[in-house]
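After this come two complexes, each holding chain A, first together with chain B and then together with chain C.
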Partner chain A sequence: MTRQTLTGILLFGLAAAVPAFVANPFYLHTGIALMVNIVLALSLNFILGYVGEKSLGHAAFYGIGGYTAAILAINYALPAWLTLIAGAFVSGLFGLIVGYPSLRLRGPYFAIATLGFGAILQLIATNWVAVTKGPMGMPGVPPISLPNPFGAGFVFSTERPYYYLALIFVALTCWITYRLANSRTGRAFVAIHENVDLAESVGIDTFNFKMIAFLLGTVLAGLIGAFNAHYTNFISPKALEPYLTLNAVTMVIIGGEGTLAGPIVGAVLVTFLPEVLRVAEQYRMVFFGLILLISIIYAPSGIVGLVRNIAGRREAARHGNAA
Partner chain B sequence: MATLLSTTDLTAQFGGLTAVDRVNLTVEEGSVTGLIGPNGAGKTTAFNMISGFLTPTSGSVNFAGREITGHAPHRLAKLGMSRTFQHTSIFANLTVRENILVGMHLKIDQPFFRTLTGRIKPVDEDAVREILNLLELADRAKIQAGSLPYGDQRKLEIAIALAVGPRLLLLDEPAAGMNPEEAMRLVGVIRMIQKRDITVLLVEHNMRLVMGVCDRIHVLEHGRKIAEGTPAEIAANPRVIEVYLGKGQANA
Partner chain C sequence: MLEVKNLDVYYGPHRALEGFNLSVKEGEIVALVGANGAGKSTLLKVVSGLIRPRSGEIHFADRRVDGLAADAVLRAGIVHVPEGRRVFSDLTVEENLLIGAFSRRDSEIRQDAERIYEYFPVLKERRGQFAGSLSGGEQQMLAIGRGLMGRPKLMMLDEPLLGLAPVMVEKVAEIIQSLNRMGISVLLAEQNITVALGVAHRGYVVETGRITMEGEAGALAADPQVRQAYLGI
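So, the complex of A and B:
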């Protein structure tokens, strides 16, 4: 077993043990919010971090997942396991529609398409009152409940079950990232990021792999968006705000794009830093924008990159050469 | 010998400039064929059209018995064509070994869904080692490619293209930036490649290298093909000498 796997198992063990020691629902709630952010960051990481395509509308896919789940659960009383899958699926479908024409092209088209898509979706959510209830949002999204063929289903009425479900989603996302990173697919992602012409010339269907990365990310963003709508019993156009996209981008970049640990570290910082530093709500966008800028200028490979550099230099010093 | 690659009236225009003008090339299977000419003659542009990076304005490309004009590069790689680039082109942030693994993309059997759900076949380490040995990069396997000395980066490019497992390898000025000793070692490398039944089309300004390794040479000037023949024929061709040494020096 590698040190990386061991660290992973240890961290998940710890996270799974938290509810046994922490009774305060506020802390569990914070943990759930953090895990939602982790999944969001890791889902963006496939296309932004590994492949390096500037996806600037990630909140839209999170929001699509949330609205899909909310509408299906409220209007059609569908069970949560179905609304979660539907949220992921519909989000992926929109990923296909946005990515298919724009990822074929070289240049800023994908960035523009995702940015535009995010803006359009926010307009739709705000103005299509008949379906989305408009700017007030949709309250009353029912809690998740597990079906039970022999009797009453198990309704998620406290933080604890949500905490564990979120942890499962984090584990799933980490697993996918970990497996891909060490396979032909992950190498193809990175190759496209590094040198798209060379990647093409060795036989990588670059469009195909960009699509895989983008769809994977939109499906997972939709899933966690649907989860959050059920958990908070609420969805509104706020879920589609550019602020949320900026959040996700910040998590990926300051943590370290194209790594597994980076977006997790980034999510921890973005979730807690404004609280710790007591940044007022209305200044947070400016705050994250600044942090993002500083990171891009001084630590383009993020915190994980910095740590690796230092570790690498130590290692080199120990072996007595500067390579 | 059979023809592996041929172009018919291959033409590329950029606005008013005809960079490649109705060029007919043939590359015999198993040969090392040179494509030479002064700066701006259209060699790289011809490479780009053959390898699918540039759609010809007119004319066609045939490879291994089929018309491939306008095919995307990754499709051509599948058919057995790979290339290097004039300007050093590697995956700079990956290690040397990882560069080779990316090059082996088509040979590695790890489908996306199996990657997520089950066991995947490990990479063929013997194949990796063989390529690293051939280019004398074995002791550099774990080094980040971008921090290699320039000559080694150029060798790595060839290694990546070889990892594809091509039938035809296009090399665009592989010796550029190499020191004379490295350049002459390249003769040995190209011969080894030829021995593995890989056909080579070589663009190169280093005449000792070109004359030393090519079976046949095509000469371009201002987008037009002006000569074709064996190295001895080309070296004796007055038109070629004129182009390379300038008018009036052909008899010098």
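So, the complex of A and C:
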């Protein structure tokens, strides 16, 4: 436990030091993109990884956050701290609307509801031109600026402040995940994932905890979606594409669902693999699909699970027992 | 203590229990025996609030408990240890115990866990291990320990002996009797009729959703009909 905390602090210290040594904005931009993916993966991990409900519309919540922030900032000139909170809040509200009826049911209904919701939302974003400006998207989302009551606010005009803000969001998400995993609520999540009937028989209100996990995930997805809209100054229906949901699901599964490290490892792979595979740009998704398939068949608990297994076996071998 | 009256339970159009009457008195071990699919598990699930009955009443400690949600039944003092996969294999032994106290809000949960470790030292040795790595008998002990964490007045055990090695069967039978000495009443649904009637005070024989015989455990075990139907003697 302490070793885990130490590793975490070390990694964050390292990440925080990066801008001091890296001047190239492209690298910082890659770092920000990675951190957005990490938050997205960890936010999906609550419901998909811990509770085990198949959420197949995660991009929709990311997109809701983005559109909410964009519309509020462009049309109403609201400050960024408010648009970020609003993005998170509105996304969570839609999470409530989608989850409330569908998480009560057993069977594939939640998966179907989230999948359908994602598709509907993309249609709305594309066709409700009066509000979303349609398929062309909304350019000109203002950069984030910190208010200053005594003078001009601090405007995020370079990558560096965005990098640090993203790092704060990653830290926040990691902290929530870590605290949750070692709490009564986290135990309830894992119990529901493994055996709903047994969970109910020990007195866990399963619907309640599924809702908590889903709301937490949608709020954080909305927050990071809003952040990204400000950072890129742009939002379009592309933010709601099923492709993005698939990306997030891939990160969680190949990294290791229901762990803190897993989705982070998955996010690193999914962020950088396309760069490596640039030579075969057309076939990117084929590679992704293949990797996902291989992971599900040979490493169902992801890379983190695989490493843990190997480490466990080594440990066992050292102690001389076959288990 | 537990009083089940005229219970009718359906799975869709199929009747699972019919006119079911059963009681467990304070301090008793009551065995519910019968073949697979007779309705034993259904009864336990109905009592613990996981399935709603179509008609009939369930009273526990002078309170009507049918229609209550599972966690409310638990707080009333009825703990259900279901059959099949008995523990949460992705949680550690310790986490399994703690989750047994899920509906409790008091501050003595840790102390209770320590008491259970004293009682099952093998669980203490493995408190940090994933429960899935325990043997079948150890898992059953953990399941019972998890049940104890709910501070039950009545513990309902569903097939606690199923799939255990013979030596573990004896051990678990002893555990059931010592639960009883702690003052916990036990309702034991079991196919292993010899052992079940051996530890119980009274018993009920269930066939296709109905009680066909009831009485003193010793008398039931000696009944020629029971012996022929279930022991093949």
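The definition used in the following text is that the second predicted complex is superposed on the first by the 317 of 323 C-alpha atoms of A that agree within 3 Å, B and C clash if a C-alpha of one lies under 4 Å from a C-alpha of the other, contacts with A are read in each partner's own complex, and residues count from 1 in each chain.
What we mean here is this: contacts are C-beta pairs under 8 Å (C-beta built on N, C-alpha and C of every residue); 3 or more make two chains touch, one makes a residue touch a chain.
Keep in mind it's a predicted model, so treat the numbers as computed, not measured.
Asker: Taking chain A as the common reference, can chain B and chain C both be placed on it without clashing, or not? Answer clash or fit.
Answerer: clash
Asker: Of chain B and chain C, which one touches more residues of chain A?
Answerer: The partner that reaches more residues of chain A in the superposed model: B.
Asker: Considering only touches as defined above, state whether A:205 meets chain B (first), chain C (second), both or neither.
Answerer: Touch status of A:205: both partners.
Asker: One more residue to check, A:197. First (chain B), second (chain C), both or neither?
Answerer: both
Asker: Jot down the residues of chain A that show up as touching in both complexes, chain B in one and chain C in the other.
Answerer: Of chain A, residues 184, 187-188, 190-191, 194-195, 197-205, 323 contact chain B in one complex and chain C in the other.
Asker: Could you pull out which chain B residues touch chain A in their complex?
Answerer: The touching residues are 51-53, 72-74, 77-78, 82-83, 85, 89-94, 98, 101-103, 105-106, 108, 110, 112, 115-116, 120, 143, 147, 160-161, 163-164.
Asker: Show me the residue ranges of chain A that touch chain B in the complex, using the header's touch definition.
Answerer: 175-176, 179-180, 183-185, 187-188, 190-191, 194-195, 197-206, 212, 323
Asker: Would you tell me which residues of chain C are touching chain A in their complex?
Answerer: Those residues of chain C that touch chain A are 48, 50, 69-71, 74-75, 80-82, 85-86, 88-91, 95, 98-100, 102-103, 133, 146, 150.
Asker: Mind pulling up the chain A residues that touch chain C in the complex?
Answerer: Residues in contact with chain C: 184, 187-188, 190-191, 193-195, 197-205, 258, 323.
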